Amino acid sequence: MAEQPMTRNFEIGGAPHVPPQTTVAKVMLQVLLALVPGVLAYTWFFGPGILVQIGLASVFALAFEYLMLRLRGRPLKPFINDYSAVVTAVLFALCIPPLAPWWVSCIAMLFGIGFAKHLYGGLGQNVFNPAMVAYVVVLISFPQAMTSWLPPTALAEHSLGLADTLATIFTGRVPLEGGWDAITQATPLDLLKTGVETGRMVPEIRNSPIFGDFGGRGWEWIANWFALGGCFLLYRRVISWQVPVAVIGSVLLLSLPFWLADPDSNPFPLQHVFSGGIVLAAFFIATDPVSGCVSDRGRLIFGAGVAIITLVIRRWGGYPDGVAFAVLLMNMAAPLIDRYTRPRMYGE
Amino acid sequence: MLISVLILSALGIVFGLGLGWAALRFKVDSDPVVERIDALLPQTQCGQCGYPGCRPYAEAIAKDEADINQCPPGGEAGIRALADLLGREPKPLNPENGEETAKTVVLIDESRCIGCTLCIQACPVDAIVGAAKLMHTVIRSECTGCNLCLPPCPVDCIDIVAAETSPPRWQRPRPKTARTG
Amino acid sequence: MSEHLLILVSTVLANNFVLVRFLGLCPFMGVSNKLEGAMGMAVATAFVLTLSSVSSYLVHRYLLTPFHLEYLSTLSFILVIAVTVQLTEMFMRKSSPVLYRVLGIFLPLITSNCAVLGVALLNVQEQHNLLQSALYGFGAAAGFGIVLVLFAAMRERITLADVPVPFKGAPIGLITAGMMALAFMGFKGLANL
Amino acid sequence: MMPSQLKQILADGAWRQNTGLVVLLGLCPLLAVTNTLVNGLALGLATMLTLMVSNLSVSLLRGLLKPEIRIPAFVLIIASVVTVIELLMHAYFYDLYRILGIFIPLIVTNCAIIGRAEAFASRNSPLPSLIDGFATGLGFCIALVLLGALRELTGHGTLLSGAHMLVGDWGRSLTLAVIPSHPGFLLAMLPPGAFFGLALLIAARNAWKARTPAQSFTPLTQDAHET
Amino acid sequence: MNSSSHPVIRSGFLLGLIAVLGTGLLAGVNELTHERILEQEKRRVLQQLNEIIPTAAYNNDLLEDRIEIKDESFFHHPDPVTVYRARMDGQPVAALMTITAPDGYNGDIRLLAGVDTSGTLLGVRVISHRETPGLGDPIEIEKSDWILSFTHKSLLNPQNNGWAVKRDGGEFDQFTGATISPRAVVKAVHNTLLYFNANRDLLFGTKSTGANRDDA
Amino acid sequence: MTPSPIDEAAHEAGKRIHHFHGGLRLRHNKKISCRDPVERPPLPDLLIVPLLQQAGDIAEALVHTGDRVLKGQPIGQCQPCAAIHSPVSGTVEAIEDRPMSHPSGQSGPCVIIRPDGREEWFKLNPVDDWQTAGADELITQIQRCGIAGLGGAVFPTHTKMRDGRDRHIHTLILNGVECEPYISCDEMLMREQPGKIILGARILRRVLGAERVLIAIEDQMGAVQKALIGCAEFAQSKNISVIKVPTIYPEGGERQLIQVLTGLEVPAGGRPSDLGLVCQNVATAAAVAEAVTQGTPLIERYVTVTGNGISHPRNFLALFGTPISHLVACCGGYNDDVARLVIGGPMMGYPLDTDSAPVVKASNCVLALSRQDIAEPQVEMPCIRCGECARVCPAMLLPQQLQLQIRNGLWKPAQEYGLSACIECGCCDLVCPSHIPLVDWFRYGKGELRKRALENAATELARKRFEEREERLLRLKQERAEKMTRRKQVLKDKTTQQDRIQAAIRRAENKVAQKPDGQDGGTADDT
């Protein structure tokens, strides 16, 4: 076109013509950041074991992530770098006893990352919460390893240093006289369950030194720090308030009448909240966007469901704590819930 | 021993009678599914499925005489819809029936048309107008592109043209995203 | 009372027929591709199961036991069931052809849904009385139905996921069922309150 | 009947249309009794026997059966056969009988059996029906044995444990510890393990089949094309 | 329905026919196998009993010489306890009791305990339990020989407070991570001994109530 | 209409500021283009006037190559949509396909005019006194002058007015929000020609028979409010209020704006007129004023030329057909790091691959973005269901689910998830951590839906006509049968003919059935 000599060509791209605000990796990193205080508290109360477990789990998680991506012929870089596998690993490590042998993490991650995540198509498409699948698999497969818990270092007559911890985790043998029986102890929830079942009174059971003001000594503080991290996520809008509120609220509401009716065989509501995995689950696990519900109403139902099932299992079931199962069971229900809680559209 | 035989045969006979009665009582009448199948067919009426039109094909499917992958104009989408309706596994289009092609219409080259009315007779949807000895034209909006009018035309004055896609009819392409997962 | 509650809890959750007892898996895998279909199946099965549970109990209690014909139980139970199913089928076929289409070949196959015969046999094994049998049958059906519907909803989501090719379809379905079984392990011990 | 047809029937029943791995019928016993190889094998044999007899008798009676009573009739026949087998096992393989428990009478409801009666025996003459019964039973047996082996191996690291219940006391010597001092992996023994195991078997079969080119409809998600 | 006038009758008749054939067959087979099946049932129970008391040690028909007792004050469980009495030439040798430990980790643990006339344990076996595999199940003889540690024990050996798991200051081992199951078993066995001590004569005295044989 | 709570709330419009779901606060970037006053650029030596400027069909040209045209002379007309007029006096060089700033990026028929610089006007016939003129007269005038919505949709204003006149409209909303970043043409218009806007508002109000006019502006436009109110008072016109609304994208969206002003939602699938409201852009109002009082057709508009890719951003009053390259040249050309050329705002605008395309009724802004302004092509991750998209969606949809359904071609669920309610604002796209091109998917999906609707219509038609034909043939047969009984002679040749036809059809079917694409080849030869 002679008339317009200086026309010029451009490459085109889809709207909006503005750089995106965030990335998956940033989201996951925030979650990891929010977990830091809780983990530090954990280390403070129970020794360095947890750090080792986190390391182990992360390594195995990334290894299986890499393997599965290769097998599925999917690009490695974006998915290895999205940190979702690490989140899975950390949350799993926080569920197992600090001295669990190393192969526990290995098998757990095989099922968590390999089965629960990648057989469903990897990031974002898994129906079940990988970390919880991993935990439940090892819990039912190796009940002994998964029930030998440590008392808080404050109470333990002899606590393990880093060297001993490593030795224990990798050899499976406790480098102390007395072996396992010497250092392990039933968790507060265990004591409660077995105690109540053998007809002892809750206040009586709570006299045991491992109980603190609400939950177990140590455990309750760890819970507080996790809650703090959770609030950070809330503030950053990584998670929505519905889930945590629903979980903790329902726990309080539902355990209250039992406690009022019979305080001798039912623990104080706050004790329910602060013992076991409730707080961690409320802020970090039940909030997993992928395996959770989509709509706000859905999330409320999801949270309440987790709380109810957990309490039922604690009260009547065979396991001292039921959070993991509760989460998986609600994962099961999530698609159905989503279907019946589609939010109202504009003008509807 | 004897008792057992008696009892069970009694049971058997009673149930048998019950069933026979029920079979008569609840005899099924015509199958409403044909309608729903026919609704899924493109109504091109081209007969490529091997049946003289969409509805006969629908009836054949309902009677399990024809498979669901015989309609080229319907294409993959059509097959999928049928599979959904009938709760079957989707399968690729049967190549014997032809292959899925972009929608076309036909144009009669009026300069060559001799007005023999043969195409009018052939068109299953009366998309061609014109009287004997006068040139004919195709009503574009009503032509289904079945091409049945081509063979009868003695002077081959009917051409196939693509359905138009100028800016007003312009259709945004499917985003080509480097889908990673 | 609590004993009856126990029967329900046990059959629905702790010893869920599909996920723990391994009964009724074929329809579980077969009719779970569409939520609607699953719901239909759940209802149909619930109906048949309760009905046949009771009727087979009656046959056993008042026909077989008096004459010491326990060895005929399988035979007579399956006969009872087959007839119940057959009647249900003809009825549904008449009353709602659409549902009939959806359930397809599976209605006659309720006969060979082993949950149905299983309930009948277990009733005998556990020496249930009439009410218990009814509850047991219903509980089993409820457990079956609930799991089936949840499963169907999940599968609808999974079909949209990028599942590795060899696992598409049945395998990923089974994996999912396995995960459900995993979750149901949590109810272990509920049955002995 | 010509050998080609025979081969056809055998291949279909035993592998190509394998009830356990392809048609996915008879899943309950397949998952319930396969925590060891031997249990699987035992039930497999029982099932095979039932299939053959029932197919035979159904195809003999096929002329007389009206549609509305076809199913009940089949079921009656099958049930009789199964009960006979049950009684015999109760009398002669007592230990197996106790382990397999309710799943012996439940052979009646193994969808595979009625399925074959419907699909094959009621339309073919006795001999092919008999063979079809054998083939299908064989296929089912294969599935049971594979899964049983897989689970026993991962669960206990052994194979053929408890063979004595099938073949008498000398069978104890058959038990082979493939992985000595296997710590024991409970999951494989529990319900989830059963599901996972079967899933893996089928997936393996699919992968194997995919290597040998066969036309398969790219599934519903169009992303399959993009990925 | 292309059929002629009476499809109903016809189908009924057919089903009946098949039913008759089937039943005939079954009845026949049943006749043949009936005896042997009963045998098998008996043999199984005997096998269990003989694990505790060798066949040489008695010569009466254990399965026939049997009574049912109920005593919640000792057994803390509603279920009746079946007692098989072993006798040599009429003289009491031992009593084998099927007791139930109510407080296992996952509910009841059913045990078989044999006590000779002197009140010494001939042995204990677990008949059935629901304890957690891998934790509580070493109480089975197949999993470990912990259960054998009861053999030759009696009320005096060990002394009363020795009848507990080590963790509770007793003599019997617990398993790592699992105290409840062993605890339950020990308690139940101890109760049995106490009961035996209290009503030894009653146990051997009364003649067999051949009453309910068919729940053997 | 009996006053329902809804009506009352609607009448309350503007009394209180409500808020709408979702939305985003974006960097404003408007100042840079508001520094100097708006002026006309020098005439380019060629104007390219596309015959497709709005929703609807391609207009048919009213002139031929070589014709002389006058300024404001109609050169294109099409029935449903707005007419097209010549922006200058000059000669028609050609009527040919040229790039025509359409989202498709395709070329289309354009009238190429070489201006003669004499600016001779075509005879204009204004409405002599709009205050007395009837609504119909005004509407025809609006139609004749080719007025279309200048706010985005370029929807023919006369259609909206007709509809509004027939409904019971009580409030006219003038949309001066201009919520997209960078764009400042409406703001400049409101600064410099408030009188025209007020006049247009009064005319439109009269046409609609509405009581009130609400002019909505962003709370950051300080001077504008005074100016508008001033003019309203000068015109002694009651019930014209200027309302400031908070700056949240996409508040300018018709439905969002209505929600902000009334707290009501336009019913799904409905229109503002269902609430007794009509929404027009301020520029549209100004254009209406000129059209009615001076009879000048719509031939020019305010255009913002801005972005970090432009050396001296500013606003122009540009004639339609002015090549974008010309405007840019008048702004001192591009900066070196210019990367993308967008028509419209950064959120909703569409990219052009060449700046030889002209300004048209729809082009409110020419945006030249530099490298760092735009996203480098992102690798798309799978949706992690984080729910951000749903949180910001002003239409309250579940974009993640929607995207999934469209991706898998599940159109029914897609509709259930409200695909057609999506206003393509792009908020979800912007916040998605997985960088899923959501808006692209939704636009594609909408297109598919439209296509499907057409196809279904065609299918239905075909079915109808097929069945009609079937029974016609049947009837013929019967009649023939009767005839047969009467007149054997006639019968003979009829049947023979019938046979021939049947044979033809059969031949056709066979041929098609055997080699489906055979006949294409066949025709290809002799065409």
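General observations
By written order: A, B, C, D, E and F. Residues from 1 in each chain.
By our rule, contacts are C-beta pairs under 8 Å (C-beta built on N, C-alpha and C of every residue); 3 or more make two chains touch, one makes a residue touch a chain.
For clarity, every value in this text was computed on a predicted model and none was experimentally measured.
Traced through touching neighbours, the fewest hops from subunit A to subunit E number 1. Among the other chains, F has the CA centre that is most remote from the centre of subunit C. Relative to subunit D, the chain whose mean Cα position lies farthest away is F. Simply put, of A-D and B-F, more C-beta pairs touch at B-F.
Distance between chain centres (mean CA atoms), subunit D to subunit E: 34 Å. Distance between subunit C and subunit F, defined via averaged C-alpha coordinates, is recorded as 57 Å.
Annotation: 21 Å between the Cα-based centres of subunit C and subunit D. With each centre defined as the average position of its C-alpha atoms, the distance from subunit A to subunit C rounds to 34 Å.
The set of subunit A residues that touch two or more partner chains comprises 14, 74-75, 78-79, 115, 121-125, 137, 140-143, 318.
Counting partner chains per residue, subunit E has residues 7, 10-11, 14-15, 18-19, 22-23, 26, 30, 106, 133-134 touching two or more of them. In subunit C, the residues that touch at least two other chains are 71-72, 75, 79, 83, 86, 90, 160-162, 167, 172, 175, 179, 182, 184-185, 188-189. The touching residues of subunit F, counted against subunit C in their complex, run 382, 404, 407-408. Here subunit B touches subunit F in the complex through residues 38, 42-48, 50, 52-54, 72, 77, 80, 97-99, 101, 109, 118, 121-122, 124-127, 141-142, 144, 146-152, 156, 158-160, 166-168, 170-175, 177-181, going by the rule given at the top.
Interface of subunit A with subunit D (complex): residues 74, 115, 137, 140-143. Contact residues on subunit F toward subunit A in their complex (touch as defined above): 21, 26, 44-46, 105, 255, 259, 265-270, 323, 325-326, 329, 334, 338-342, 346-356, 367, 369, 372-379, 381-388, 390-391, 394-398, 400-401, 416-418, 421, 424, 426, 429-435, 437, 439-440. On subunit A, the positions that touch subunit C within their shared complex are 71-72, 115-116, 118-122, 125, 127-128, 133, 136-137, 140, 309, 312-313, 316-319, 322, 324-326, 328-329, 331-333, 335-336, 339.
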